[in-house]
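Both complexes shown next keep chain A, but they swap its partner, so chain B is in the first and chain C is in the second.
Moving on to the complex of A and B:
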């Protein structure tokens, strides 16, 4: 697909114009230590220098809590009310690992011909404009994954990469092209020089990521280690909160609950759930097959690097490193899966 | 200081005085550390202590109940250890306390720390100095002056961000209930739906449950992945417990937490009826 160029000033004008007609979510400062994807009123609020926002952009498409429908019992019938589709949205300023997360869970929510309505609805409504990373963090390991790179466009509609004082804008999907066409006054044509400069940029950024997992070896070790005593001790520092799963761009598990308003009406909701939680596997009647904290801890790593690979031929991880940074006790996913035996 | 700590840990494990030593090890980048459990004497060299050792390791003690553990504790963590012993979550004889003469870590509480004394520990690492720091309640007093509307607006903004990961609860040394109200379905105290209102209900109930037991250690605030200012609540609670009941959590191992007992006439509380 086509490559365009956009200057700093034009990008600012574009985002401001987008903010007027769409919900634009971008890294926004909440307080001294917190930058999350928030609704942008103007470009001034956008925090460009932060690589890892505290939470991912996942919740802008796959809401943490989503109303599936409302119901009301009438005399002879039940009346259902579905939520109206949300406003068109733009996720701006996320990073390639965030965007790849969408690519990973897209497959899950469209598995074996079943299309998950709320998710795919949000996905079709959202244009993702990603910015390549120049200086990766020590927790980054995106290059471990097939095609993973700080300048990779998978999952994005438009990928912006800084080249020679401007941004190279790669229009990667129809949605991206449509948006660029609608706001074509801000874009100019890119030449071969800029495309070459992008390749250089990608190479330099990739070289800065020093940690690379040998995923074949990880898979082999996890395949053999389900009953290993390794899990008996490695989980001990983990406090079993759900921070790692809720800040993850690929964790997708959910629970469905009811909320009653009265005797005759209520709503059904879908809310993210976490395999770290005791309630996650608790059955009606009280039985819990994943009886202890060790089993819950093991599940997270097994799912990401073993089961999901068996089912989808790719890892349920994009190497953003958020779980490492946001873990209250510094559990390092790279170390845990690398040392599993 | 680290060497001293490592020697103590090595000896305890070699002589089988404890099953576990719980301390800090280096983490994913220079200057970062994380909690570590070790049960082999040769692992003791991994122990470190530096400004990044923020975690309150007392949180692990209720979980190792039947085993013996040595725990590295800063002055502030020590208060939590005492509180857990007081609440019978672990027997004093099952825990070896390695007190660290801490001069402050990267935490909001350290600039006003008056808790670096290490009374009642089994080992002291380093030399305890008078840091000359003073308690400062000015931030709480300032917040108290806000109107209810302003307070509500502030907390709505904070709890709008909450993702209900329960990190605050799970790192809390006194939040050890095996069956938390937040997990209960019958009756359902808290709906699973994550929104500002439910998020506030969760934290309000949690704060009521830890009143008079919370030592304002700030573990919850440090752990929060979205930076909610929980210290405003914990500090206010410690202020109120002092004012209403003349009680300071974690000062000793035998006084009764204020809400687990009552006097017919509470001096600090006015009669309403």
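Moving on to the complex of A and C:
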């Protein structure tokens, strides 16, 4: 796929033009202390310096709560109404770990012989323009994963990397190429020098990430540690708030519920759920296979670094480190899986 | 959009009160095209919508050989089941499925079959019982051991004559008997022990409350049955039925797509989380 160049000025103009015809979501200041993905009116609102937004961009495609359909009971039948497809969207200014999160859950929503239309519909409608990270945080560990890097384009349609005062724009998918072609006036051709500069940039950024997990060893340890006394104590600080699952770019578990408008109308909704919740596995009649925090805590890490790897040959984690930063008691996912034995 | 969550519309065609808290429902799919193409196999499950309340998972109670309606026997247990018990013939519901795997009957050909059911677990094995009776020539002896808490908790009294007429040996038991109860009294595992089924060329299909299953497995193991000879269905909380919502995950498996039918050899490899 092609490499292009775009200047700071042109990028600003591009984003402003995109904002006029698409829903553009980008890191935006919500309040004094919080930057999250919000709908951009103009480039001015974009906060470029923040690496880890409060929550990921996941909820711009996989909505925190979304309507699956509405129903209306009629005499002798029922009518279903699906919501109209959303406006085309652009997720701008996310980071490689966020984009990779989409790549990971895309597979889940397409596997088992069923394509999940409510998810894939929104996904196909969204172009992801990512910005490489120059200065990773101490909690970052994306380089632990196969191909993971602060300058990796997996899951992105276009990856922007700052080189010599401009951005190298790697057009990584057909969707990315289409967008660049539509707005070709803002882009110029990139040469070998810029491509080489990007490789330098990636090398330097990767070198700043000091924590690297040996995932083969982690998998081996988790394979053998289900019944280990390790889990009896490691979960003790957990307060079961579920923040880790809420800010995760790859946590995908959900609930299906119903909202009743009246006797005859209502809607069926899908809402994010969390394996850290007691209700998650509680059955009608009261039986619950994961009654205590230990079992739920173990499930979260086993799922991410063992079970999901068995099924998908990749971890259910991209190393963004948000769960580490958001955990009120300082549980560090890297430590938990690395020390499991 | 390929919205896999939109269910098929259906109408309640009949309701039969089986016990104080179990009713059997026959559902008729409204769309003739859907009705024609809606095919399932014994062991699979469906997700039923009761509008205004939500969805819940049920096993098909009737086999593919008796597929005029979709039948479920439902015990009043939670929100959705309570709501469906309040519905009447003609009311509109919806269902999606069939989901999951099925009993591998092609592997059981030429064998003796022993069905062991307890409580509402009988709903899950009525389908394979009737399937095996409808393909009777494929099997040797068919024995059914079915127990309930009391004689009043036994379902399907109207079906027993037909089952026995097709040469099934039916053994009924109640944990506690009552006056006029001419069958066994005692827990299912104890009666099973007394029956001493031979493990030779025999497959056991069992479903019931976890505590019954636990002791049935023990008795069968004591009788020399190999884990591969014992087949059951696992139950986990499910929301989607499609391998996506994450609830029914045990180890690398999803009960909804890799199960619900497992043999005991497969179950033994799983952690104690169901």
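Here is the rule we use: the second predicted complex is superposed on the first by the 339 of 341 C-alpha atoms of A that agree within 3 Å, B and C clash if a C-alpha of one lies under 4 Å from a C-alpha of the other, contacts with A are read in each partner's own complex, and residues count from 1 in each chain.
What we mean here is this: a contact is a pair of C-beta atoms (placed from the backbone, for glycine too) under 8 Å apart; a residue touches a chain by one contact, two chains touch by 3 or more.
Just so you know, these numbers come straight off a predicted model, no measurement behind them.
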{"item": "Clash or fit, chain B versus chain C on superposed chain A", "value": "fit"}
{"item": "Between chain B and chain C, more extensive residue contact with chain A", "value": "C"}
{"item": "Contacts of A:121 with chain B and chain C, given as first, second, both or neither", "value": "second"}
{"item": "Touching partner for A:271 - first (chain B), second (chain C), both, neither", "value": "first"}
{"item": "Touched partner set for A:64, first chain B, second chain C, both or neither", "value": "first"}
{"item": "From chain A, separation angle of chain B and chain C (C-alpha centres, steps of 10 degrees)", "value": "90"}
{"item": "Partner chain in contact with A:255 - chain B first, chain C second, else both or neither", "value": "both"}
{"item": "First, second, both or neither for A:13, with chain B first and chain C second", "value": "neither"}
{"item": "Contacts of A:310 with chain B and chain C, given as first, second, both or neither", "value": "second"}
{"item": "Distance in angstrom between the closest Cα atoms of chain C and chain B, superposition on A", "value": "7"}
{"item": "On chain A, the residue positions that both chain B and chain C contact, one per complex", "value": "255, 257"}
{"item": "Touching residues on chain B, where the partner in the complex is chain A", "value": "20, 27-29, 32-37, 39, 55, 59-60, 161, 163-167, 169-171, 183, 191-195, 219, 222-223, 225-227, 229"}
{"item": "Residue numbers on chain A that touch chain C, as the complex places them", "value": "68-69, 71, 73, 76-78, 80, 82, 85, 108-109, 111-118, 120-121, 226-227, 252-258, 260, 263, 266, 268, 270, 273, 275, 280-285, 287, 289-290, 295, 299, 302-303, 306-307, 310-311"}
{"item": "Chain A partner contacts - residues on chain C that touch it in the complex", "value": "1-6, 9, 11, 30, 49, 51-56, 77-81, 90, 92, 94, 210, 235-237, 239-240, 242-247, 249-252, 254, 257, 271, 273-274"}
{"item": "Residues of chain A touching chain B in the complex", "value": "30-34, 36, 54-55, 64-65, 138-139, 233, 236-237, 239-243, 245-247, 255, 257, 259, 269, 271-272, 274, 277-279, 324, 326, 328-332"}
